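The structure under discussion is supplied below as structure tokens; questions concerning it will follow.
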Amino acid sequence: MKSRDYKAALAPMREELAAMARWAQATGQRIVVLFEGRDTAGKGGAIRAVSEKLNPRQCHIAALAKPTEAEQSQWYFQRYVRHLPSAGEIVLFDRSWYNRAGVEKVMGYADAPQVARFLEQAPTFEKMLVDDGILLFKYWLGTDQAQQEERLRERLDDPLKRWKLSPVDLAARGKYDAYTEAREAMLAATHTEWAPWTLVDFNDQKRGRLTLLRDLLDRLPDTRVAPPQIDFPPLGREPKVERYTVIEPIESFPSD
Amino acid sequence: MKSRDYKAALAPMREELAAMARWAQATGQRIVVLFEGRDTAGKGGAIRAVSEKLNPRQCHIAALAKPTEAEQSQWYFQRYVRHLPSAGEIVLFDRSWYNRAGVEKVMGYADAPQVARFLEQAPTFEKMLVDDGILLFKYWLGTDQAQQEERLRERLDDPLKRWKLSPVDLAARGKYDAYTEAREAMLAATHTEWAPWTLVDFNDQKRGRLTLLRDLLDRLPDTRVAPPQIDFPPLGREPKVERYTVIEPIESFPSD
Amino acid sequence: MKSRDYKAALAPMREELAAMARWAQATGQRIVVLFEGRDTAGKGGAIRAVSEKLNPRQCHIAALAKPTEAEQSQWYFQRYVRHLPSAGEIVLFDRSWYNRAGVEKVMGYADAPQVARFLEQAPTFEKMLVDDGILLFKYWLGTDQAQQEERLRERLDDPLKRWKLSPVDLAARGKYDAYTEAREAMLAATHTEWAPWTLVDFNDQKRGRLTLLRDLLDRLPDTRVAPPQIDFPPLGREPKVERYTVIEPIESFPSD
Amino acid sequence: MKSRDYKAALAPMREELAAMARWAQATGQRIVVLFEGRDTAGKGGAIRAVSEKLNPRQCHIAALAKPTEAEQSQWYFQRYVRHLPSAGEIVLFDRSWYNRAGVEKVMGYADAPQVARFLEQAPTFEKMLVDDGILLFKYWLGTDQAQQEERLRERLDDPLKRWKLSPVDLAARGKYDAYTEAREAMLAATHTEWAPWTLVDFNDQKRGRLTLLRDLLDRLPDTRVAPPQIDFPPLGREPKVERYTVIEPIESFPSD
């Protein structure tokens, strides 16, 4: 998709996102969106598309670090639970508890009973959140291996993307089918009435982002909450200018 | 500044930022950057310029919510301390402990002895962090009231920016001079050898961002850390394509 | 029960508790014990009987403060989850998530749908913990109102116990039956195969503590783990005495 | 000291402690007490003497676990800061930030520059807390090696105390003088006007506890705060008795 077309389609959705955030704030909604998917599919970009125009004090991104040894010994969901939203908050999970059914399973970080227990507990856990009134959305971003290869190569070559390339990513190249299989098992166990998965094709990342955003916005109630009326009278005097007495600003970057 | 010129100047700085982040990771550096300044100056945009291409698991944005009643009764720095970085981390404070010397002072949320104590403790607190090896940078973003008025008006009119407009912002319109005075007192008390302030003119926000970024990069050691050597052999077989059996991806956003 | 008899019966149980703690440490068990019950029944004393000879770095007491406004808006179990044990830890809950089915229900802090949802979720929540391997014990301490009245009076008169007397306690005097009813509803909904309740008569608190302790110890596996072999050779020289040069100890309390 | 004399002397102090806690609550005081000292001196018992009759929701014991790898890389005081009290709270530190000047120095867990930086920062850190209004008390409990040897032997032989015996304790037997030296360096650097140390002889632990308690109580203002007036009318009807319908209490421990 061309950048211009992407931006044109994105602009009105951004306004809808802003309206949704205002509604969540005004009514105390709690919103959780999970971003899962194939490596390189474009989770980071999709999260940015949702969050970048929202208030960072309202919309949090939960990108958990590797668990500590103590955390590894706890109830599996424990370290995720502390990131769940308070009233009015939106939490975007950059990867989530589904790690256990994906990378941990395929790479052998979790054993078969752990994975089985996770697949059994996840729907129950999510039902509790949903019954508690949390609005939960689960997105899985898919991409063919041809695109994946291209993006891995780009990560290798582009210094700005180099940090995204981990040894695990490379090990995953030979495990495309194992990841597919893991995903199917995950969907079979956790695609529930109360917390369904939504699969989005991210072979074209811009289109993928629009698809995801459109779907998310369509599934949230279209309740308009007018922004608070604010009185903005003229200033009524000459605006002031900055005056510094202790230290001066540094020289500005050359304008040409 | 024109968007095209901005992007052209930004691109090489982004590569330097990526290199800096790699260096921080490799050597276990801890980096703290405070973003303070006049309302509407452009803190959010400046933070985004630093963070948007970095690993969110390495570069954290600390945008603290209003303190709870318990937090209000604690040692003033307590709730900030928990956001200080571990080895390899970069923390960008979207507003910081300097709230007390700015908005809290001007709006009367803190009383005179609290402000005085803060101005006395801040340099000491910061000296402890710096002596501990934390790299601390303090930026204050300035803007004339004419620009501020224009941006407030824009926040009022643009639904995407409406959330940025709070009653406090409007109350601040009549207190431009009081904020100036508070800032000067803050600079006089906390512009120290070990933790100096850097003032940046944000009357032109794009230029301001470049100025800040250039300064930050110039002050960090220019130590190159080569990315880990990664072997990327050809895949050696036909790349796989996504195959779904449980549920299918939703229809993609129309491409035209 | 007489103090002497109590101590005689308690002594061997303390050794069993110590052995149990060693076993938990050595095998990475996670143990959770909930202490619920009628006001003044003796939860605090029972908790002390379990904990007082154990390592405070292993055995934690979770006595949660009143929820903040943000916590009140979260998933009900969220603030409890963060106190769940890591490997080798024992957590004693001084009141627990069952607040919602007791005091919050009777005093009207939670509404009927909240209580209903709690009674539905609690067994599910606990099943997840138990299936994860956590050893969960739920004790409810009962006492007749005659004893309760006596103990309330004692709290009023004894300066050491005065802090235990809250206005809620007094309001509860007239609600003995409502509490009974709430407890029965709670038992009916949450006395499950995987997380059964144990009711203990605390009309005699000393006997109650022994009853509870005996039951807890009987239900934990009786696996002996020998303490690590430690070599303790003679010191082989004259023991040293304290010598102070900077400041001296303060004068000791008179010995007679 | 004989047990009977100890109890007789302790009883009135307990009432003073209760009054002090009420005063702290009513006036929003924040109290921090550090318990440091020679291994086996009796820190745990002293902490229990202070805390055991106080409200566990007001009086917290901070007994920190071994730092995680991330914590080890943070500003040294960071993990302690989060345990500092809110208004009305009393925090008893079972070992404290002074670990760095004691066990970490002697056992080589911290290097010389780390110890030197700690000794420089500790007074500054404490001054900030004290200037913020926190009431800070620092106790160091001393004991001659003869007593220490006896108590180590007891820990080895008494199953209830066995958990207190760590390999570090035994390694410390040969380092009595190194610990003395470390303590003297610590006192020289951190015995300040605003946060003085108090040394207490714990060769007799009961006397030591009374000495410490007496000193603590004498240094806290003797402000009486009357407990809130509470109206306790007669119940006015027959007290109820427990009636169980779902399950019955388990059989009580035999009374003879």
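Order of writing sets the labels: A, B, C and D. Residues in every chain begin at 1.
Please note the rule applied: a contact is a pair of C-beta atoms (placed from the backbone, for glycine too) under 8 Å apart; a residue touches a chain by one contact, two chains touch by 3 or more.
Composition by chain, UniProt nomenclature: A, B, C, D = ADP/GDP-polyphosphate phosphotransferase.
Just so it is clear, the structure is predicted and the values come from calculations on it, not from any experiment.
Of all residue numbers used where subunit C meets subunit D, over half belong to both copies. The two sides are thus made of the same residues.
Chain centres here are means of the Cα atoms, and by that rule the chain farthest away from subunit A is D.
Set side by side, the interfaces A-D and A-B show unequal numbers of C-beta pairs in contact, with more at A-B. Subunit D has its Cα centroid 45 Å from the Cα centroid of subunit A.
With centres set at the average Cα position, the gap from subunit A to subunit B is 21 Å. Residues of subunit C found to touch two or more other chains are 70. Interface residues of subunit C facing subunit D in the complex, by the touch rule stated above, are 1, 5, 9, 14-15, 18-19, 21-22, 38, 44, 48, 52-58, 61, 63, 65, 94, 142-146, 148-149, 152-153, 156, 159-160, 162-165, 167, 170, 173, 176-177, 180, 184, 187-188, 191, 197-201, 204, 207-208, 210-211, 214-215, 227, 230-232, 235, 239-253, 255-256. Residues 28, 30, 70-71, 73-78, 81-82, 84-88, 117, 120-121, 124-125, 127-129, 131-132, 134 of subunit D touch subunit B in their complex. Within the complex, the subunit B residues that touch subunit C are 65, 68-70.
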